[in-house]
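Take a look at the structures listed below.
What follows is a pair of complexes built around chain A, which joins chain B in one and chain C in the other.
So, the complex of A and B:
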């Protein structure tokens, strides 16, 4: 007798991991976001008409575009960091620093992108 | 100082699910969490169950989640946790009672990587030890420190999702022998780690490195094994 080993999503998310754990979670959210975007895009093209137009309206919305831009950019930059560390394991001595560099690259790039999207959206 | 300790409790004879019980006890800031648990078991609630043995960070028996992160209770001081402490069992292994988990699945995975010295060649001519240079020894020095406490494996989200994944501790043990110049079964171990539930399930969350009470650079060891697998070289 005993409790099963199952770890729920909420229990897993409550684990107090290091900075790398946050990037791990955001990487998954990024992948999921891109999947949702592609699915909506294909669905909109496939069904067409008013329903297709309504789906277009979702992913052409500026708020959704910011979310998708976050997903794509974070997934790409984080993936690049993981690839570099996988190819050069000696750099894993500096894995925390690598995560700080990743944020230092991501934040300004994403900030500029958000600024441009917002300017276009609000400027008409 | 008075501290509040919230402990996960589960009695398989009575409970269908676990619950938390809160205790208020006196403790010194230099006490270890293990001392606090011993006090509660000895003076407040004798039914509280947890593993402990050496109590000096060597045997690895008292791995548990303290304030949401895997640690050894004997190496964690009250002054580092603060006056509110939450103690829970490590994740991903079946809970037997309170803070005690079934370690069998962990050791089953560990055994898969052949965690022992393999060398079928004849002994050197003088019939004595197989010599190794200090540099060759240093190559795997880091991973000899593992005490199999399971802090790393049970902090790994890939392991939470799939208990068949060998886990960081097994890969660290494989690393210890793969890079030992006297061992002859590196290829065999790399083959085992190339299985579906092997090293490919490491998704670099890095929880393992932070959780390791022996400060082994677990992800670096995993990275070196990945590279050995890709290149076929042990340099």
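So, the complex of A and C:
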């Protein structure tokens, strides 16, 4: 248990690695976002009643839907990249290229999703 | 510039400690969740989702195949959607996702909490969270 990095929270948040720091921090934000949402969602569904209804009403808001879909999509696609590269370690040499492919998959998928969510929200 | 691989094969890394086993579990559970979500998506389409619900509802079902997620759709009957088969699928997804997620929160906390006491507290908290979320989730799945 001798691992002591002594990194403060602010230093941690300002971390800039040589490659993929953006995906690293977005993966973290996405995971936290989903963790908080799913915890609240399970709690609200378990408790039910007026309290549960109020909490479960939050995610019907289109802005929240866009946020949570960003969390899910990015975490899933970035996670698949991490999984593939980690399970086939020889591919780690091509991490930068893999991150470009990842963005090429994520941006169109998320763009279409935002378009559909906005269309439903504004078109009623 | 010649590139020499600095990486070890999975076997060469030696999965001995709990943390390194969980490292592998995180990757494998990600694949399992992909499989289960795809399974739910295909299941919804086989049960005729194309005719009476929009894509958002199909995805909501795929991410957690629980009947409450399709009750607001135009389905004539939800009988096929409340079978023990789907409750088992939902339970599997819940347990895998809870383990993956709670461990992920511990990994994040470890990056900012370096003290031994703090880390012990995080682990205690994670066990409580793991147990309570699994229990409440299973309760919701099997009583709805």
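Note that the second predicted complex is superposed on the first by the 117 of 124 C-alpha atoms of A that agree within 3 Å, B and C clash if a C-alpha of one lies under 4 Å from a C-alpha of the other, contacts with A are read in each partner's own complex, and residues count from 1 in each chain.
The rule is short, and it goes like this: a residue touches a chain if its C-beta (ideal position, glycine included) is under 8 Å from a C-beta of that chain, and two chains touch if they have at least 3 such contacts.
Keep in mind that what you see is a predicted model, and the values were worked out from it rather than measured.
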Exercise for the section: Identify the partner contact of A:24: answer first if only chain B is touched, second if only chain C is, both if each is, neither if none is. Expected result: first
### Task
Figure out whether A:116 sits in contact with chain B (first) or chain C (second), or with both, or with neither.
second
One more residue to check, A:42. First (chain B), second (chain C), both or neither? second
Discussion item. On the A-aligned overlay, A:97 touches which partner chain: chain B = first, chain C = second, or both, or neither?
Written reply: neither
Counting residues of chain A touched by each of chain B and chain C, the higher count belongs to C
For A:60, decide between first (touching chain B), second (touching chain C), both and neither.
-> neither
The intersection of the chain A residues contacting chain B with those contacting chain C is 1, 3-5, 7, 12, 82, 86-87, 89-90, 92-93
Interface with chain C, chain A side, in the complex: residues 1, 3-9, 12, 28, 31-32, 34-35, 38-39, 42-43, 45-46, 72, 76, 79-80, 82-83, 86-87, 89-90, 92-93, 116-117, 120
As the complex stands, chain A meets chain B at residues 1-5, 7, 11-12, 14-21, 24, 82, 85-87, 89-90, 92-93, 95
In their shared complex, chain A is touched by residues of chain B numbered 10, 12-13, 17-18, 65, 67-69, 91-97, 102, 105, 155, 157, 160-161, 163, 203-207, 209-210, 217, 219-220, 223-224, 226-227
Within their complex, chain C touches chain A through residues 3, 5, 7-10, 27, 30-31, 34, 55-56, 63, 68, 97, 101, 104-105, 108, 111-112, 114, 116, 129, 133, 136-137, 139-140
